[in-house]
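Shared chain: subunit A. Partners: subunit B in the first complex, subunit C in the second.
Let's turn to the complex of A and B:
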C-alpha cells in the first residue's frame, strides 16, 4: 500500500518540477544574468558575481534612466489620451441602447486582429509624411490605438456594473446629468477605470513594434534599449532592463486583484 | 379632500419601441393627497410613475404640476423625489452623505445640511447611523435612508416605486403606517405604486386601479372595495368567487332567474349599470355565510341563496374556509365554525356584497 503511494508521487513530482522549471527557469536565468560579471559556455553558473553592470545602467552616461523617463512619459500620456476617449465611449456603450453595440466593441479589436508589422510599417510611412515620425506624439498615438481596446472594453464593463437606479436616484433629487455622472457613476466605476488605466500603462511600457517603427531612433523607450542591448550580445544590460520592466507588471497584478471586482470582470466584452 | 388638481396627467400615452404601455390616460391628484397606483405587474403603473418623474418620455399627452407644464423638463427640474424599489442608495457615501446629497446640490451651507440631516435621521429613527455605509444597514434601515434622502429636499411630490416590496412581511406592516403618518404630518403629495391590495388600502386616500395601461377605477379604499366598477376590479379586490346567471332588470330591481343551484332571487340594483341577459356574479369568501341545509333560516331581503355541498374544509386562521361545490362549479365560503365534508349546505350572499356585471 505505502509502496504504491510512493510510486505515485514520482511522476507527480516530475511534472510539477517540469512546470516550475518552465515558469521559473528563464526568470532565474534572467536574474542570474543581472548579477553575472563573467559567464560563458560551458559553465552552468556565472564565474563571477557583482553589480558593476547595474552601475553602468544607472550611471549618468548610461541611457537606461533617460529611456525609463521617456517610457514613463509616453505611457502616462497614452493613459491620459486613452481614458479621455474611453470614459465617454465606455459610458455610451454601457448605457445607451446603441445598435450594433457588439460590433462597435469588436471594432476596437481590429488593431489587434491584424499582424502588427504591416500595420505599423504603414503608420510609420504615413507619420513620416506628416512629420510625426520620431516624435513623442507619434509614439503616443500608436500606443493609444493599441491600448484603446482594453480601455474601452474595461470602461464599458465598469460603467455597466453601476446600476442605472443609482444614477436616476441622483437625477430625481436634483442633480443634472453631468453632476450625477461626476458624483455617482464616476466614483463607482473608478476601480474599473483604474484597472483599465494600469492595463494601458503597462501595454504602452512593453510595446515594442510600434515604438520601433515610429519612434526609433529619436524616441528611445526601454524596450528599444532592451532590444539594442540584447542584439548587441550585452546580456547583463538587457537583463537588468528586463527586470526594470517587470516591476510595474507585478505591481499591476496586485492592484488588479485588489480593485477589479468579479461583477466588473463578468461584464467585459458584453 | 381638496380635489383641486395639483398634479395633472392628461391624455398620456407612453410606449417603448413598438409596444404602447399607457394609452390616453388622465389622472389628477390634489395637493397633500396620498394616491396609490394599484395593479398587477405589467399593467403600466411603474411606467406611469416614471413618466411623472421624468424618466420615461411620453409619446403624447402632458404632465403638469400646479398649472406648470413639466412634460419636457428633465427629472432634476421637476421638484419631485423618487424612492426606488431597490432603494438605490449610493454605496460609496455614508448614510448622512446619502441623505444630505440633495441639499448639497441646492447649495446649502454645511451647517444647514448637517442640521437637516440630523433632523431627518431623528424623524426616521436612524439616529447614530450617520457614519455607516448602506452596506452595513438592514433592509428596513436602508428603506428609511432612501425615504430620508427623498424627503430631505422637501419635494413637492413624493414618488414611491414599490418601496416596501423588498422588506420582510412583518417590517412591512409597520413601515406602511410610518410612511402614511409621515406623509400626513408633512402634508406632502405622494404617489405610491404597489401590487399589494392591502398596502394600498391601508396607506392611500385614493386608490387608482390600473389594468393593461388604463385606469379601471379610482376612488377611496371603501369605494373600490365595496363598489367595484368592473369584474376586473372586483376580482382584484378579492371577490374571487364567480358565478354566471341569467338576469332580468326591471326598474330598481334585478331578478336573478332560477337555476339548478338557486331559487329565483330579486335583489336591488343599487345604481348598478346592468342590463337584462347573462350576468357575472362576484363575491368574497368572507362576505358569504353558510347555513346547514335543514336549518330554517330565511335569507335577508335581496340576498342570494345557493345550494351546494362542502367539498373541503381548511383553517387559514380566524375562521374556517370551505370549498363548496355548486353543480360543477366551486366557490369558497368562510364560516365561524367548520362544516363537515360532504354536508349539504346553503350559502347566503347579502345584497351589498354581491357584485353583478353583464357577462
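Let's turn to the complex of A and C:
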C-alpha cells in the first residue's frame, strides 16, 4: 500500500508543480520587473536589483500617487452610488411583489452580457457633448452602470437570506417600516452588502476600457497609468502599477468566502 | 400607496441607470453603424468587411480556441477536485487554481507581455533547464499570447462555478459507479459531466462575452495586424475619429456575441421559471 502511495506522488507532484509554475511564473516575473534595475537577454534573472523605480513612482513628481488617489476616489464614489441604488432595489426584489421580477434581475446583467466597447465609445461621444467627458462624474457613472449587477444581485441575495419573521416581529411590537428596516434587516444583511461593496470597489479600481474612452487623458486612473507606462516601454513603472492593482485583487480572492456566506451565495441570481 | 408601486419606485433608479448609460448608448451605436454622413446606408459595413474581415475571423478563432481550452481545463480541475482520492493533492490544487481569478485584465496583459516575450522568464527558465537553446527561443506575443492570457485569467472563474456544481451533486450515483468498478475518467464523463453541463455552459458563455469585449489584452500583447476587433474599434476612434466604421465593427462583434448570449438568456430564463 505504501509503495503505491509513493509512486503516485511522482506524477501528482509533476502536474501540481507545472500548474504552480503556470500560475506563479508570470506573477514572479512581474515582481522581478518591479525591482529590476538592469535586465536583458539572455539572463534568466535581473542583473541588478534596486528600488530606484519605486522611488520614482512614489516621488512627489511621479504621477502614480495622484493616479492612485484618483482611482480610490472614483472607486469609493462608485461604491457609494451603487449602494444607494442597490439597497432599495435589492430590498424590493427580495421582499416585495414585483411584476416581471425575473426580467428586472436580468436587466442588470445586460452591461455584462454584451460587448461593452461600442457602448463606451458612444457614451464618450454623448458625455463630450454635455461636458461630462474627462470628468470624475463621467467615469463614476460608467463604473456604476457596469458594477450594478454585483451590487443589486448580491444585495437581493443578502436581503433574501435575512429571516422575514424578524422584521415582522419588530413591526408587531410597534416599529415603523423604516425603523424595522434600519434596525433589524439592514444590520443582518450587512455582511452581504459589504461583499457587494468590495466587488464594486474592485471592479471600479480595475476598470480600463470605460476609463480609457470617458476619462483619458484628463482623469488618470491606475489602469490608464499602467497602460501608458507599458506602451512607452517602461516595464518597471508598468509592473509597479500592476502590482498595486494586484494586491487588493488577490487579497479579496483569499477572503471572499468569509464575506459571502454560503446561504447568501446560494441565493445570488434567484 | 399600493405596494407594487412602492416596489417599482425602489427599483426604478437603478433600472434607469442601466437604461440611460447602457441601453441608450447601445442603441446609438447600432443606429450609428448605419449612418453615413446625413443619410443611412451600409457603407460602414462595406468598409469594415473591406478592411477588417481577416480580423473578424481572427477574433472568432481566438475566442473560440480560448473558450474550448477553458472548458477542457476547467473540467479537468473540477473533476479532480470532486473525484480525486488524495485529500492533500486536492487541497493543494484547490488552493492553487483560483489565484488569477480576480486579477484585472490590464494586469494580466502586462504580466503576460513580460512573461511570454522572447526574453521573458518563461523562455529563460526553459533555457536554464536545457530544454531550449537561446537561438531556438521565440516570443509568444501573437495570437498565442492572447489565448494564453485569456485562458490563464478566465479558467479559474469557470472552474469555480463548475467545481461548486460538482460538489453539490448527489454522491450516491458516483459511489455506486465506483463500486461497480468504473474508472474515474468514465465517472467524470458519463455521470458527473452531464449533470453539470448547464453550469459549464453558463460559465463558458460569460467568458466568451467577456473575452469579446476586452480591449487591454489585445492592445498590450498583439496590437499589430491581424488583431482583435476591440483593438480595431479603438484604433478607428483614436486615429481617425471614424465613429461610423467603429460602430459597424461594434455591431459585428455584437452579432457574433448575440448568438451566444441568446443561448445564455434562454438557459437562465428556463432555470428561473
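The rule is short, and it goes like this: the second predicted complex is superposed on the first by the 255 of 270 C-alpha atoms of A that agree within 3 Å, B and C clash if a C-alpha of one lies under 4 Å from a C-alpha of the other, contacts with A are read in each partner's own complex, and residues count from 1 in each chain.
The rule is simple: a residue touches a chain if its C-beta (ideal position, glycine included) is under 8 Å from a C-beta of that chain, and two chains touch if they have at least 3 such contacts.
Just so it is clear, the structure is predicted and the values come from calculations on it, not from any experiment.
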With everything superposed onto subunit A, say whether subunit B and subunit C fit together or clash. fit
Kindly classify A:258 by the partners it touches after superposition: subunit B alone (first), subunit C alone (second), both, or neither? neither
Is A:187 touching the first partner subunit B, the second partner subunit C, both, or neither of them? first
Quick one: angle from subunit B through subunit A to subunit C, Cα centres, nearest 10°? 100
Subunit B versus subunit C, judged by how many residues of subunit A each one touches: C
Kindly classify A:175 by the partners it touches after superposition: subunit B alone (first), subunit C alone (second), both, or neither? first
Could you look at A:166 and tell me whether it touches subunit B, subunit C, both or neither (first, second, both, neither)? first
State the minimum pairwise Cα distance, in Å, between subunit B and subunit C in the overlaid complexes. 12
State which residues of subunit A lie in both footprints, the one left by subunit B and the one left by subunit C. none
Any idea which subunit A residues touch subunit B in the complex? 163, 165-166, 168-177, 179-180, 183-184, 187-188
Could you list, by residue number, the parts of subunit C that touch subunit A in their complex? 3-4, 6-8, 10-11, 13-15, 17-18, 21-26, 28-29, 32, 86, 89, 92-93, 96-107, 109-115, 118-122, 124-125, 127-128, 134, 152, 206, 209-210, 212-216, 219-220, 230, 233-234, 237, 243, 246-247, 249-251, 253-254, 257, 261, 264-265, 268-269, 272-273
If you look only at subunit A, which of its residues touch subunit C in the complex? 8, 12, 16, 19-30, 32-33, 40-45, 85-86, 88-89, 91-93, 96-99, 102, 104, 106-108, 110-123, 125-126, 141-142, 144-145, 148, 152, 202, 205-209, 212-213, 223, 226-227, 230-231, 235, 238-239, 242, 245-246, 249-250, 252-253, 269-270
In the complex, the residues of subunit B that touch subunit A are 53-55, 74-76, 80-82, 84, 86, 88-92, 101-102, 105-106, 146, 149-150, 152-153, 155, 159
